Amino acid sequence: MTYKVSKEILDAFPCYEAMDNAPEDLSLDDQMKMYYLLNLIREHDSKLKELWMANKMCGIAHSYAGHEAIAVGACMALAKDDYITSTHRGHGHVIAKGGDVRKTMAEIYGRVEGYNCGKGGSMHIADVEQGILGAAGIVGSAMALAVGAAYSSVVLNKKSVTVCFHGDGGTSQGVWHESINMAGCWKLPVIFLTENNYWAVGTEFTRVAAQPEVYKRAVAYDIPGILTDGFNPFAVYKAVKSAAERARAGQGPTLIEARLMRIVGHWVADDESYRDPKAMEVWWQLDPIARMKHYLIENNVPPKSLEEIELRAKNDISDAVEYAENQCNDPTPDTLFKDLYANDEII
Amino acid sequence: MTYKVSKEILDAFPCYEAMDNAPEDLSLDDQMKMYYLLNLIREHDSKLKELWMANKMCGIAHSYAGHEAIAVGACMALAKDDYITSTHRGHGHVIAKGGDVRKTMAEIYGRVEGYNCGKGGSMHIADVEQGILGAAGIVGSAMALAVGAAYSSVVLNKKSVTVCFHGDGGTSQGVWHESINMAGCWKLPVIFLTENNYWAVGTEFTRVAAQPEVYKRAVAYDIPGILTDGFNPFAVYKAVKSAAERARAGQGPTLIEARLMRIVGHWVADDESYRDPKAMEVWWQLDPIARMKHYLIENNVPPKSLEEIELRAKNDISDAVEYAENQCNDPTPDTLFKDLYANDEII
Amino acid sequence: MKISVRQAINDAIKEEMNRDSNVTIFGCDVGLRGGAFAVTKGLLKEFGEWRVRDTPISEAGFTGIGIGAAATGLRPIVEILYCDWITLAMDQIVNTAAKKRYMFGGKINMPLTIRAPFGGGDGQAAQHSQSFEAWFNHVPGLKVIAPIFPEDVKGLLKSAIRDDNPVIFFEHKLSYTLEGEVPSEDYTIPIGKAKVIREGSDVTIVSYSMMVVKALEAAETLAKEGIECEVIDLRSLLPLDYETIIDSLEKTNRIVVVHEANLRGGMASDIVAEICDRAFDFLDAPPERVGGLNVPIPYCSCLEQLVIPSTEKIKKAVYKALNR
Amino acid sequence: MKISVRQAINDAIKEEMNRDSNVTIFGCDVGLRGGAFAVTKGLLKEFGEWRVRDTPISEAGFTGIGIGAAATGLRPIVEILYCDWITLAMDQIVNTAAKKRYMFGGKINMPLTIRAPFGGGDGQAAQHSQSFEAWFNHVPGLKVIAPIFPEDVKGLLKSAIRDDNPVIFFEHKLSYTLEGEVPSEDYTIPIGKAKVIREGSDVTIVSYSMMVVKALEAAETLAKEGIECEVIDLRSLLPLDYETIIDSLEKTNRIVVVHEANLRGGMASDIVAEICDRAFDFLDAPPERVGGLNVPIPYCSCLEQLVIPSTEKIKKAVYKALNR
């Protein structure tokens, strides 16, 4: 039985790619891991609104709900010592790359046990150990960073590739162009992964992009441009996998456009005055979790084991929230000048 | 008799376009004017080295010698109230657009009678009356300016188009991308004219560009990309003319790559330690002045009238130098704070 | 008429757009969404997309477009949604907007207003909380203003829009709901004039933007202890009204300068140095400065609140100014 | 051994590249051409293009690449050919390089050196002559240095390269041919230490970069009039060695701060304000500041020379400091 998608959505989303077959190199274990990660990210970011409303976090946060296939598909194709750079909508990237949800949640709570000791918050979570070079609050700014990491890999003879996640909005930044140009010219092991979710806050991409089909811009850098279904973790996996192989073989960067729809608000308490949020809901038909679940069941995975995974994800997030809420501490004033300069030098 | 170009050059310069026919809409008078302007610019910029050596100018200057076909071809396709933005190598643009060589020379001398009252110098000559929005010392920075002028034209219902001259080096700046993207998206009447002379100071374009065929990058903005022979004033004229028509018809921008070779040094006293200047000289075969002269003679213009034009250009520049040298004055200290704020307000 | 700062900005822009058809807005989400802080609500509908332009996330590019448009007949207002990102447009602002008139011998006009919401205090961390006014103070060719009360915000924004020079207009991100009286008729407030908003004879407190509110709070509590502070709201930073400051200093002989931006390299240093130049003899005590601590703004409120000057710190500075 | 500043920089970089294979250079024309000012001559040949990288004209991009490389194991030196264009990389420097370690709770390293030739005086006009050190002084997380003599240039550049923080290294464009003795053995000079380069008891002149040379000139002519100036070369601006300044001030009780950058919002204001904080009682006269005039640098020398501080102006400031 194929997964059902309405004609309306299929028409609006021509890059739809059915989830018929898992990529050959993904074991069932891998697939189950992916399913867990999809759920873990969803659970994690579904908590945000509640936390924000209850004043548990300090600033604001952006939910990755609906985008999970991209981070999970991409990071599944990476090794631990590969790098990623992330965005303001970064929890999914961090978790998919191996981040610890206790530490992400603690950071969102502004706790000293958080990844950034409470100094970064939702928009800046980093874990260099896991190759997570950090989220960035400045749209587009991490592009060059990613290229720098890829440059390091070459000079230091590491086999790492770097995946640079960014939104459609980020593709309008100058540094997007500068970065891809240099990476393309020097054939650096970096993958530019555009999460084209059609929106940048309240602005539709087609209103501000001369060429909204991002993958076509690859011609301008003489590199491959790939369009993929951003709601489909297998599709993203395949695209990133082949780009990573290319990169490791010294053939240079790839521009991957993972297309999807930002179904949720821009940030956790977005009133979406600029569009009708109700009209977005049909897009949940493409929910990567539902699609993957359908695929796994079709492929004889017992529903019960999937439910177990779902429950585990839920519990892990509850645990993370409980941890952040009750077992963690606010940073003390004496940490204020710590971490500014190397060796905590004070200037 | 066709104009002779060596096989070596033809191989190295595949975009060579023979000057067989003048564009139909160019009268003989127009052509003679173009011939004059080519010579005027050449004479003007051939003086620079001497002036620099003799300490007549304050800072540095960049010669447009060899590039004349581009400015002259392009500006011939424009009206007085069309706009141009220029670069560090800007004298040619200014003169072709109607600038007065007495005032450019006076400015280079740092005289108060110069276009910028001695405050701008070689790299910043502007004449808003003639639609010359100014040269720019920051490579690439005038891109957005040009788009802004085009934006004005639309809002103010003017018929002006704007030509944005820039070098291959400028195409690597982020603002290049941002500007073309917005112009393309909003279909603004602007023409991006890349003078791809293969070099940016001591760096060959192919060493720093993933896609050195600049016109191909037009795909990234869903606009037309045109490659043209930058040593051929007719070819440039035609390309700009058609792009201007497109722009005036509300169909948006065009990216024109005028390819040529920077035969001269980057700046007037460049020792060119990074390349062999002797090896560049073969490129003078493509000298736009020689080619145009050949064409005109072939088309029955008496050589004598061409020599008259050449002499006139020479004299006009001698006059300009004489003017700047002997009839102009250094700015007086009381002008120091003038022109900083509107109405010479002092803050 | 009592309105919020948000309304004051919206009204100022709307009135100027009605008054002058060359006024045009550029910025991320200024149109359909009406601005992230809802300050441009309704304008797209009223004036159409050619005058209220939603831009891509291209700060350098759309600032540059504003500059080009200003040089060719429009009177643009560019919004940089958070002043932190003005870093992306520094070349355009500093090397082109500020210098074009001068470099070109006065032959070009630059009627450009750049609105830049600034300041911290709401847990948005290091890249969404900064205050960069001191940088622009260092750039000849610009004007810089940072009013806080609705009346001043409206009157000065209108002056900025009408001004033929590039003006950087800082509005505090936490001020949008702050309310106050504004005149009902059309009015402007001249750029470059400070305002004594509280009279006092013991110490002069000079400040701008949100810190004015805290300075007033500090002054009120100090008054209960018998210390009368004169509070000056600078409103404009470039040009800066030293006359008003020195007149006050002549009376109080003690001065405290307060701002939210981190102290090192901040506006307060410039003001103190200038006071030393112009009125050293009026000083009965070292001039005091209160500014943000010299760290990036941390995310968690517990730390953030230590970085941004508090009423308490202002009070301490006043005591210090009085104790010698 | 007597060498030029140009040679000092070249030697410093070469020695550090030999010492540490992670040191890597990025910039326009740093390779094949050996730098517009010929400071990186020969390095491409010696170290290959992966360590000496000619970049496209993408200041934001290649600065960002330097930052990313610094975060992942390299120790990059980024050259911004003229400091005027550092405006293009402000976001990368201010929002990423300066803040990454802090925002990430100390979990990332940022051993990055940004070389930025600065200053005017050679007729290159408004976009090729600026001095922006004061901006970076306002950014916590950075270090800023601006030495002028070959020994200091070499020793401090080596320290900058070895430093695990982002360091902005300003070198004066007119200083490359300036010669001086340097030790022949491997040495470094610590960041953050000023140097008394002339002793005197009447007035303290504090300066850095090219203005140190002019301050010395002024001091020499003043000595003939019997006025003995103590001249301090700050060398480092952030951190800044107030101890050395105050020690001198304790002796002279009069101070003149001199820099080339335009005065308003410049380093001198910060130094004066800080002196008022730390040593007001040592001041027998108002602290004097000498800086560039508050205009963009004009092209013609006749005007440019009015903008940049002259020996004469420094002398006048010394007289002023002494006359009360």
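Letters A, B, C and D name the chains as they come in the text, with residue numbers starting at 1 for each one.
Just so it is clear, a contact is a pair of C-beta atoms (placed from the backbone, for glycine too) under 8 Å apart; a residue touches a chain by one contact, two chains touch by 3 or more.
The chain list, named the UniProt way, goes like this: A, B = Pyruvate dehydrogenase E1 component alpha subunit; C, D = Pyruvate dehydrogenase E1 component beta subunit.
Since this is a predicted model, take the numbers as computed values, not measurements.
J.: Of all the other chains, whose mean CA position lies farthest from chain D?
T.: Between chain D and every other chain, the largest centroid distance is to A.
J.: B-C or B-D: which has the larger count of contacting C-beta pairs?
T.: B-C
J.: Return the distance between the CA-based centres of chain B and chain C, expressed in whole Å.
T.: 41
J.: Can you compute the centre-to-centre distance for chain C and chain D, using the mean CA position of each chain? Integer Å is fine.
T.: Each chain's C-alpha centroid was found; their separation is 30 Å.
J.: Cα centroid separation between chain A and chain C, in whole Å?
T.: 37
J.: Multi-chain contacts only, two chains or more: what residues does chain A have there?
T.: Touching at least two other chains: 116, 118-120, 124, 136-138, 172-175, 178, 181-182, 185, 207-209, 340, 347.
J.: Going by the contact rule already set, what residues in chain C reach two or more other chains?
T.: 55-56, 58, 60-61, 84-85, 88, 91, 95, 102-103, 125-127, 140-141, 238, 294-296, 298-299
J.: Quick one: in the complex, what on chain C touches chain D?
T.: Listed in rising order, the residues are 60, 84-85, 87-88, 90-91, 94-95, 98-99, 102-103, 125-127, 132, 134-135, 137-141, 238, 261-262, 264-270, 272-274, 276-277, 280, 285-289, 294-296, 298-299.
J.: Sort out for me which residues of chain C touch chain B in the complex.
T.: 22, 24, 50-51, 53, 55-56, 58, 60-74, 76, 91-92, 95-96, 100-110, 140-141, 143, 163-165, 192, 238-239
J.: State the interface residues of chain A toward chain B in the complex, per the touch definition above.
T.: Residues 172-178, 180-185, 207-211, 216-217, 219-223 of chain A touch chain B in their complex.
J.: Give every residue of chain C touching chain A within the complex, in rising order.
T.: The touching residues are 28-29, 32-34, 36, 54-58, 60-61, 84-85, 88, 122-128, 293-296, 298-304, 306-307.
J.: Considering the complex alone, what residue numbers of chain B touch chain D?
T.: Those in contact with chain D are residues 57-60, 107, 110-111, 116, 118-121, 123-124, 136-140, 169-170, 172-174, 200-203, 207-209, 273-274, 330-331, 333, 335-337, 340, 347.
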